[in-house]
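Next up: the structures, one after another.
After this come two complexes, each holding chain A, first together with chain B and then together with chain C.
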Partner chain A sequence: MTRLRAPVMEYGRVFRYVLLLPAVLWVVGFTFFPLFAVLRYSFASYVLGRGITGFVGFDNYVDVLGSARFWHSVMVTAIYVVVSVPVEVVLGFLAAWLVHLGPPGARGFRTIIGAPLFTLEVAIGYLGVTMFSSQGGVVAVLLAKIGIDVPWLSSVWGGIAAAIVLDVWRWTCFIFLIVLAGLAGIASDLYDAALLDARNHWQVMWRLAIPLAWPVTSIAILLRTVECLKVFAIPYALTTGGPGTSTEVVSATVYLVTIQFFDFGKGSAMGIVFLVIVSAILAVFFQQMRKRLA
Partner chain B sequence: MSQDDKAEQFARLASRFLRGRIDRRDFMRTGLQLGLSATVLARLARSARAAMLASAPEAPYESGVTSARAAFLRDKPYKGTTINVMVLKATVGDGLKYHVPHWESETGGRVNVAEVPIETLHTQIFSDLSSGLGRYDAYMTGCWYYGDFFVPKTPYIAELSKFLADPKHPYWEPDQWLPSMRKLYTWNGKLYGVLFDGDAQALYFRRDAFDNKEAQAKFKAKYGYALPNPPKLMKEMHDLADFFTGWDWNGDGQKDWGISLHAKVNEQGFFHFLTLAAPYVISPDNRYFFFNPNDMKPLINSEGHLRALVDYVKFLGNGPREQISWTLGQGWDLFLAGHAAMEPTWGDLPTLGQDPKVSKVKGKIGACPIPGTTEAFNPITGQWKKYDFNQVGNTNGGTWHCVISQHSKKQEATYDFLAFMANRKNAFFNASHGWTGVQPGMRYEFLPPVGSSSVAEWQEQGWNGDDVVQYLKAYYDTLSATVQEEYLRIPGTAEYWHELDVNVSAVLGGQMQPKQALDATAAAWEKITDRYGRAEQKALYQASFA
Partner chain C sequence: MKNVLWVRASFAARATVILLLLAASIFTLVPFLWAIVNSIKTLTQTFDPSAIIPFVNFTPSFDAWRDVLADPQVTRALISSLVVSLGTTVFVLILGVPAAYSLARFTFPIGANDITLWFLSQRVLPPAVVLVPFYLLLVALRLIDTWTGLILCYSTFNLAFVVVIMRDIFRDVSVEVEDAAKVEGATAWQVFWKIALPLSLDGLVVVAVLVMAFSWNEALFASALASQDAATFSALVLASRSTRGVDFNLAGVNTVIGIVPPVILYFIVQRYLARGLSLGAVKG
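Let's look at the complex of A and B:
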């Protein structure tokens, strides 16, 4: 028996590794290799047409850490995330709750609210140029009529505000769809019981729906935060980072340095520094999430 | 010298003579130096001239056709050949596309055109070249990318003299270029670009508004001197911009503006600053605007540049605030719609102004070179100096044209297509039609006594006679001014200018103070220079003034 089983075991072990191989190749090829290449570049001086002209130690990192433009873009990105993600979560949750209550037309609303999710971000950015133009742009004109006369695309705060408005429009439905699924997963008898005790739907939402849908919502927040930290297309298509660098997010700065001007050394160092910052934020987020779930 | 060398030299000589670059006397003299007899040369000269045709049935889209060209086209020489060209997604790209079917019908070849927006054009060109992919045979380049083509030991782009010497290709006339324009198509004296565009910035204004007696009286009452028509000094331009802002001077019931600018970051708005700042720094005593040629230290944060930037910001109040986020076309639209009194820009504006579909200002467009100053700062000596009148010409802009990839395996066919567009008939068509985005740079496009064109020739293309006379004079004066702002073409120019663009935009948006912005620009330029190599950059920068 022993002699018969051994080959089966061997075969099984090999087969397991064969099955793992595609995933391993994928991770090595598309995660480790680029990461190590970026790390290597970050210690090098790179010039278009000459390639790597030498290794410069930590000079690129010193340059990045002392770069006012880089830290400004980190700040712009932080403002972008801190404003847009909470607004999207609140609006998305409220919309999901309202649809979950099943008012007339809820099904149609669910379809309509999902539409922006299927629109290209760069198209939304370019659309924003016409919508926020103070010379006849729909949004700018309507807001001006109710007293909100903002030089949207030609002022430091107007540009970032316009980009956030477009981002909220684009991504609220993402939160909505995930939360809606989360709410649907809560057993209906819990709602029935809660409605007997509660004075209104608001209390049911606050006391029952939010806590029970929190695990799903927190995943939506996590995904949205990660995406938002990488934001590029909407603000760049809308303002190309301007006026000045007022709407230049980190992705745009890295893009300009690395892709536009081929300074792969400095651009790679920027990428690594930002990776560290984002990893730290996500670590804190996961820690908090684990605490809440525990 | 081998017999082959002599034959090649003679072929080049004959080509130069054929193309009118040297006269008969030079042809004979140089031919004799090569050892050919006078009788043979005289016969060759006659036959060469006779070989030029005004037109040929094989080349219906060319005028000025060599007999070799006509013979070459009989067999549809590029049948089965497809070339790929990357162009700027803008009017100049449209201009190139217009000629594609014509060239295809003459030669049997095919042209694939890929349009790329300006914010990614540099990336796309140099990604293709540096990766060695060579997906494109030619690229439409702005002249400020030129230095980057010459960073590798073997330049990324092909030199053109061997094609130019071959009479089977379309005939065009490099000897007709104004020197300031020819310089932008060459590198170290060798030709790399084929004629397409010729950019310079001049001041365009509403002639009718400036000529208006009532407006002239109002202006004199307000500023104490006669309305300057056209403005010669920056101060006059500022007063005019201020004067024409905020009231309905064109009688359409809406308030109008003194000036129109486009200043969106990462576009071409920074050229406004380069142009308007020039007379504050460039003078008969100083040619250096960007760097000190002795050590490549940036000059951009000098007192002259600072005063220029402070004055530049003042113009913003004389146009819609939205200008800060306007692209080039949006800036032109305000002028073409009749709501701006002035615009310092490229020749596209008066050219587009002739098209009644987009313009309300045909027959009302005045033009003059960019106004000058009476005082300029010399950043090398650190001194201001007074002048009676310091006016500075420029070639600011893209001067968009195509260059041929060194990786291309179809260089000959590619050159043929580019030379086709440079043939006089097509070049004149381009320069006289606004939607092509092309401006003049050849003598035959200007009016006598400096050129050989005529008002009637331009009127045939739909121009108003008065508009074209002012436009061509202003353009020629700008391109051929004795004091010129030298164009920056060293490696990394796109990056240097990007830093300037971002910081000037930050001033316009209220994000930075002018001094802070120029100091930040200078600091960024230092790092770029160090990365590319200070010694190499210095040598190239000095060479650009040779």
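Let's look at the complex of A and C:
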């Protein structure tokens, strides 16, 4: 018995590591090394060309924690995520449910509603300028005609709102496509039963579709949230952070501090503080992914 | 498939569904159309947003297209975007697919699930956190403003993605087929290369498309790490946004160029996307 089984047990004993090792080394080199590096830089005074010129203890952190610009960017990011993700989830789920009902042309609707999925975010933000500009922007002009005259791109709230509208346009399709595939996995005889005692389709959605599609939907929500925290291109291309720095998201602030002012110590400290702020959300994400992988 | 839900819906419900879906489609299509219309206007014409229908409201002009396409910076940026997207895709698949297969098939002293999760930590990290070390790493390697530098970064960001999705897909390949091959005397490498991989080709294509789309789209690292010679289209558009004012017709052209290739990719693979997008939470 042992003699027969041995070769099977041995099968791929070395091979499995040959396949896995390059990827593991890559992550160690390009994720964990940078992560330790950023921690080190955050305690240092770093000048480009001269490297670390000295360690300054918590000075960078004191700077960052006392920086109104940084906290403002955290707030803008928070508002951005808290508004756009729920709107995208609700709209994406509804659209998926409606397409799932199977109206004539369902395939066409799916293709159209999913179309923004891969569109260049920078271009969408840039296009947004031509839609929300008070000089000839189609959305701004139309809204002004019905009395909603907002200085979209020259005010804080206008800029954030316009960016959120674009984000919803760009990312609702992500939720939509995942939920639609999730709904397709529900056995159709369940609907037969549900239709018998539900008064209408609205009730079928609440009682059956939402609970059954929830596992898939919750993963979509988590993925979208984690991605949305990284937001940069849409709001930055739309307003370049302006007026002033009032519509900067965290990524934009770190980018500008790092690349324009070459303040690597402070940029690193900002990154670390932001990581701490979002770590609770990331923890939930990992816990859920662990369940899914098992 | 004739859907029981649709057959049993009342007329009012059906009408509402179709109206809502039409509204959603219009909401989705308007920005596309707006970009196209603006791209064939002259600068003066763009100041009149009510001129919407070409030939009726205004005489279309391809000046903006000619301007943009004749600009060597644009051509170079498009080539950069293409090279970086393709390069990242090829490299990250070579790196990630074998690892994914290994994690799908074999056991490890540390659980394969935990290793997979460890890969995922990479994907989740906000890029703002690692912007500084990546910048300094590329400076040290003399890879600032090069295609190689960007490919190196994007491979890092996409590796987790490839490992998680491909592992999920490999787990669906029947083990019996592989066992049969082993009995026939195939080596572990042959089983992977000649059986598992061809059977997972659909999934591989979707993952490749997702990686390509990510690389085409990425703007933060592109702007920070390669702003001149190796600037991608994303970085170029962003740079022109902050240095010049926005000419609506040029913005229209740039938008159309920026979104057409990815939308075509989307049309090709849309049926298979959900599984990849949800990191395997939806079975395709």
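A few notes on this one:
Going forward, the second predicted complex is superposed on the first by the 264 of 294 C-alpha atoms of A that agree within 3 Å, B and C clash if a C-alpha of one lies under 4 Å from a C-alpha of the other, contacts with A are read in each partner's own complex, and residues count from 1 in each chain.
One rule holds for everything that comes next: a residue touches a chain if its C-beta (ideal position, glycine included) is under 8 Å from a C-beta of that chain, and two chains touch if they have at least 3 such contacts.
Keep in mind it's a predicted model, so treat the numbers as computed, not measured.
Of the two partner chains placed around the shared chain by superposition, chain C is the only one that A:278 touches, whereas chain B remains out of contact. When both complexes are overlaid on chain A, the residue A:259 reaches chain B and chain C alike.
Legend: residue contacts after superposition of the two complexes on their common chain; A:134 is shown touching chain B, with no touch to chain C. In the superposition on chain A, A:240 makes contact with both chain B and chain C. Looking at the shared chain after the overlay, A:45 reaches chain B, while chain C stays out of its contact range.
A simple residue count on chain A separates chain B from chain C, and the partner touching more is C. In the superposition on chain A, A:156 contacts chain B only, with no contact to chain C. Where the contact sets of chain A with chain B and with chain C meet, they give residues 48, 129, 133, 135, 240, 259. Those residues of chain C that touch chain A in the complex are listed here as 1-6, 8-10, 13-14, 17-18, 20-21, 24-25, 27-29, 31-32, 34-35, 38, 46-50, 95-96, 98-99, 101-103, 105-106, 108, 113, 115-122, 124-137, 139, 152, 155-156, 159-160, 163-164, 182, 188-189, 192, 213, 216-217, 219-220, 223-224, 233-234, 237-238, 241-242, 246, 248, 251-252, 254-255, 257-259, 262-263, 265-267, 270, 273-275, 277-284.
If you check the complex, the residues on chain B that touch chain A are 119-120, 122-123, 126-127, 130, 148, 151-152, 156, 264-267, 320-325, 491-492, 494-495, 498, 502-503, 505-512, 520, 527, 531-533.
Interface residues of chain A facing chain B in the complex, by the touch rule stated above, are 45, 47-50, 63, 68-69, 129, 133-135, 151, 153-156, 159, 239-246, 256, 259-263.
Chain contact summary for the complex, chain A toward chain C: residues 11-12, 15-20, 22-24, 26-27, 30-31, 33-35, 37-38, 41, 46, 48, 91, 94-95, 98-105, 109-127, 129-131, 133, 135-138, 141, 169, 173-174, 177-178, 180-182, 185, 188, 191-192, 195, 200-201, 204, 215-216, 219-220, 223, 226, 229-230, 232-233, 236-237, 240, 250-251, 254-255, 258-259, 264, 267-268, 270-272, 274-275, 278, 282, 285-286, 289-290, 292-294.
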